[in-house]
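Presented sequentially are two complexes of chain A, the first with chain B as partner and the second with chain C.
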Partner chain A sequence: MDMKRDYYEDIRLLDSGPQVFWLIALIAALALFPFLAGSYHIYTVNLMAIHVIVALGLNLLVGYTGQISLGHAGFFAIGAYATLALMQNLGLPFLIALPLGGFISAGFGFLLGLPALRLEGPYLAIATLGFGLTITQILGRLDFLGGHMGLQSPALNIFGWTVDSDAGRYAVIMPICLFLAWGLRNLTKTRVGRAFVAIRDSDIAAECIGVNLTYYKTLAFAVSAFYTGIGGGLMAFVLGFISPHTFNIMVSIMFLAMVVVGGLGSVLGSVMGAVLITWLQLELARIGELPYLGPLLTELSKQVFTVSGLPNVQYVVFGLIMVLIIIFEPLGLYGFWIRTKIYWRTWPF
Partner chain B sequence: MKKLLVLTLVIAALAVAGAAWAGPVQGVTDTEIKIGQWGPQTGPAALWGAVARGTGVYFDLLNAEGGINGRKIKYFLRDDGYNPNRTKAIAKELWEQEKIWGFACGVGTSPGMAVMPYIIKNNIPWVGMATGSPHWTQPLKKTIFGVYPLYPDEAQILTSYAIDTLGKKKIAFFYQNDDYGKGGLDGCLRELKKRGMKLAADVPVEVGETDLASHVMKLKKAGADAVIMWVYPKHAAIMLGTAAKLGYRPQWMACSTLSDVALMFKITKGLWKGMIFGNFAELPDSTSKLMLKYHRAQQKYAPKERWGVFFYAGFGFVEPMVEGIKRAGKDLSVDNFVKAMETLKDFQGIMGPITYSAERRQGIKQVFLAKCEPDIMMVKGKKITYGKGKRLSDWLKLD
Partner chain C sequence: MAILDIDNLSMVFGGLTALDKVSLSLEKGSITAVIGPNGAGKTTLFNCITGLYKPSSGSVTFKGKRINGMKPYKIAALGLGRTFQNIELFNKMSTMDNLLLGRHLHMHTGIFSGSTFFRRGSRAAAEEIAHRQKVEEIIDFLDLQHARDRFVGGLPYGTQKVVELGRALATEPEVLLLDEPVAGMNMEEKQDLMIWLSDIKEELGITLLVIEHDMRLVMEISDEVMVLNYGEPIAQGKPEDVQNHPEVLKAYLGEDSVAGAA
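After this line comes the complex of A and B, so read on.
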């Protein structure tokens, strides 16, 4: 089905005419969205977009380059704190502070990439886990960054326009998200992207054909950290307040879950995973308000689980959904999407 | 003339209709008030989540009694896992989706700080946050009413008790190195400065630390005969254990966040004995009429819950809110509610006397002190020693 006849077919951004059409339709829908939806829904989509940015960055590392990270909450924190600190302490405008924050995060990503050269699998997971935990501990002790009390975000000004509504923040976040998604798709189609994939499939073979492991592995960490740092910088403004608690270990695990549930090594998978998990996190918190099922579950949790009741059910359901996806669709939501597409291809014959 | 009459009548009718309509208040109908709360039911701070469940039982009790002014309370409890970005999502969801009227309590300083700008911007009533940080009420915010006594005030009261009543000469302060611990330290220093005294030692601890031997040595070397603690339960327990091992026995004193005496006695394996601590609410075995009533409600609506201070604090923190709603009467517009709250003067529930005014949003300024004395109870034929608080003072106030 995906017969490629020449090199240019392999490297172009979009594979077919319908893809171009659907992409334009998606952008149009996203542009119309803030005019039709309420503030809370826009806020939800803002969170989704930020998580999409992070999932894209993490997928580059995990899905494309085959390195694992349980410490991306650390980069998320660095991006958020760096952006705010640059704005508050140095008085830089947002549009300069945000990418600078991303680059600072990328610098840390490069540093973390160095030990990663010698570590693999579970050892790398532990090293990155340690990084994520250390960052929040350090941030908690830096008084000029607010210590354990955290920082309030300053007003968000862009060329004299003060962004103080959810729709306004949407207008800032969504273009950045689309741009970064385009950038990642582009990157995976280049020499660099193919080097990443070669390292994932077999790093020894990759080195044999001339891929510089030191360069590309640290580059993968740096780019991944850059994406996550940008996500963090945007998150600081969506929340309006950040503290070391905001970037706990569960955040790192959720990021990894987004990538795995969505589908490793796929841009669309990152998007689907981030959207689904963000939505589940918000919606499952309201499980008690479902008609009939809600009171039933509340009662069940009170009888069977501890006194805190319902949140337990919420986590059981959340875990169950993730486990089911992994068991029945190891490629994640992206694999499910591919199969659906193939199934409908010849419909109705 | 007739035209003029008709016109006057029409205007009058419109005015009456307008007054009767008076703009619907979000989250309130003639039969219902929607109130929300966030609180950690999972995660590292889940122990304090009992506050939010206590509030739920209090509302069950009120609803069974017919509600407030004929309105039943519909209560929304959300778990934020002590994670500020989930708290923010919860606040938005409850206000914009569920259309609640106001927020009650809420555990945690950083979760609260994450939502405070949002609450101020949308003019939402918020009463009784379960933390003694001064950020809520200083400077004053129109719709935000604090209940919990401020940490600096409480530390000052403990310090003066150590000096005046216990006759201690060298006071040391052991605190968590953040806003919470430093708030206590400030109060202690203020009181000592007033008396021209100096702190024997100030020993900070970081949240992640587990080995406190060097901290104990510092206190011991300073020769402190009273040590005031402003830390998490975990650190208090490690501190007492390490000090006992190293043979250091000052008079220990503790902040009201450590006032769950039965729990602390259990996790310190009895070392909590003799501890003098601040209290923001009645002791669990109090026989005041309200406490007995609340205890019966707990046994009826949530029999599996432990009757500890953080559970019934969930009742106490919303008592002033309920009183304010009662006094506001039928019109629950935010302005009217705020006006009603400002009439509370020395209002007493199961906590210290609460006063609000146009210039004051900090409800309680008093604590009382208690001492841990072990007692024996029979559980299924077995003798069990448990920690019990013995009241040492009445509600104490700074002069």
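After this line comes the complex of A and C, so read on.
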């Protein structure tokens, strides 16, 4: 059934006829989507696509290379601020400012990678957490970046076309997201990606077969920060306004949750985790509007969970869903996907 | 001239002398065994040669180049491979991917070409295909076909040891250090491994340095044996000479039994 005859089959994107079909179907659906959906739904998908980009970058670091980061909101902020500053202060066009913002973020990733050479596990978690917190503090004090007041995103111009609708932003974000996902998937199938995984599974053995740990660990941080920075640059335009508070510690934790819930060390898992968590965040914020259940939960949260009097039941439900997914499928959503695939392979027997 | 020359190598951890003035030279194409009781410093010796430890004094010269103090990946690039006592495989990868990692040094795909290939003829793809063929030769040589696409973490212990040997061979080393290659293997696997080791020496011309507790294997395959005890070399020479050396009997069996035997 799936006997391989050719080495190229190991690394090529599409393994079989059905996969070609599904990819074409997916691209067609994504292309038609902005014509069929309302503005709010397009906005939702834009957020999802940005989070997919970030989750891919973070998964490269955490899932593939085995280096934890609790500071990715810092790179997200650097990407967003750098893109806006390059456009406003230097007058660069968006299509140049965005990748430059990504590279600036990658530079910071490289710098954070240096102490990571000597730190592991919980120590690295604290170091990266400190990085994320420091970046927002520094940004709050830089007056030319708006300080605590934040920055207004300039008009988004691409070759004279002013992008001012959600559908327009979708047309910018989605191709970038697909391109970056494709790039990461390729990377994990070839030499550099394998070296990352080697570091995760046994850094001693990796060194002894010729993998330069210094180079590949810092490279993993840089690539991860590049993806996150690109995500940040795009986010500035979806939100229309950024301030240091946009990139708080919860953002870092959400990114990590996307990767863990989606599936560590999996491109598809990153996509699924980012989509699910973005959707949950948006939907659960409106949980109080549900018929019958909504008022009940709101009342419950007011009486039991809240300290300040604000309804916070959405966080409780969110946490519950995360815990359940991890308990029932430690491999995350990717694990569900693999099991479903195996189940249907032998269908209907 | 010796391909690997270890001269007066010492390694001190705090107050503990793990290696005390060890000297050893490996002739090209020979098999040398290092034996000794547990804690004698055998693995420490390997770690000093491969750059995981920086020796306290002495020197290691490989192909005429002093390598102590160099980073492990640079030493590996010069053509020195090794395996580990407690198997250090990349557990969540397939056997194929593990062996491909052995080809890391011989491949050149970087971050940009590796992430943007899109067809068979692209440089990264062409390189992947070429090196898969090379790895396939090693899979054939070590009879690993059944394990080819399986996760190495799920393979039996003996097979994992063979995969690790394969990964070291994939780096195309000139000198290969094997840390207890047959530990935990059954008779049949040991027999296979002995044949492979002599093939590696005869056909591939690789110089071997082997740590091993299995005396039958040591006596059968090695050209030269060195015995370590508490970090000190206590005997060195042909296997049959070392076997009856009084110091060696003392280290292994204790003072009294030697007196009793004599």
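Throughout what follows, the second predicted complex is superposed on the first by the 335 of 349 C-alpha atoms of A that agree within 3 Å, B and C clash if a C-alpha of one lies under 4 Å from a C-alpha of the other, contacts with A are read in each partner's own complex, and residues count from 1 in each chain.
The criterion applied here is as follows: contacts are C-beta pairs under 8 Å (C-beta built on N, C-alpha and C of every residue); 3 or more make two chains touch, one makes a residue touch a chain.
Values in this document were obtained by computation on a predicted structure and should not be read as measured data.
Asks: Tell me which partner A:120 touches in the superposition: chain B (first), chain C (second), both or neither.
Replies: Neither: A:120 stays clear of chain B and chain C.
Asks: I'd like to know which partner A:195 touches here: chain B for first, chain C for second, both or neither.
Replies: The answer is second: A:195 touches chain C but not chain B.
Asks: I'd like to know which partner A:299 touches here: chain B for first, chain C for second, both or neither.
Replies: In the superposed model, A:299 contacts neither chain B nor chain C.
Asks: Just chain B (first), just chain C (second), both, or neither: which does A:149 touch?
Replies: Once the two structures are laid over each other on A, A:149 reaches chain B alone.
Asks: Quick one: is A:9 in contact with chain B, with chain C, with both, or with neither? Answer first, second, both or neither.
Replies: So A:9 meets neither chain B nor chain C here.
Asks: Answer with first, second, both or neither: which of chain B and chain C does A:204 touch in the superposed model?
Replies: second
Asks: On chain A, which stretch or stretches are contacted by chain B in one complex as well as by chain C in the other?
Replies: Of chain A, no residue contacts chain B in one complex and chain C in the other.
Asks: For chain A, which residues count as touching chain C in their complex?
Replies: 7-8, 10-13, 183-184, 186-187, 189-195, 197-198, 200-202, 204-213, 219, 223, 265
Asks: Inside the complex, what are the residues of chain A that reach chain B?
Replies: Touching chain B from chain A are residues 38-40, 43, 47, 137, 140-141, 147-150, 152, 235, 239-243, 245-246, 248, 250-251, 281-282, 285-286, 302, 307-312, 314-315.
Asks: Where on chain B is chain A touching in the complex?
Replies: Chain B residues touching chain A: 41-43, 46, 49-50, 53, 78-79, 81-86, 88-90, 92-93, 96-97, 109-111, 113-114, 117-118, 177-179, 206-208, 302, 304-305.
Asks: Of all residues in chain C, which touch chain A in the complex?
Replies: 50-52, 71-73, 76-77, 81-82, 84, 88-93, 96-97, 100-102, 104-105, 107-111, 114-118, 120, 124-125, 127-129, 132-133, 167-168, 170-171
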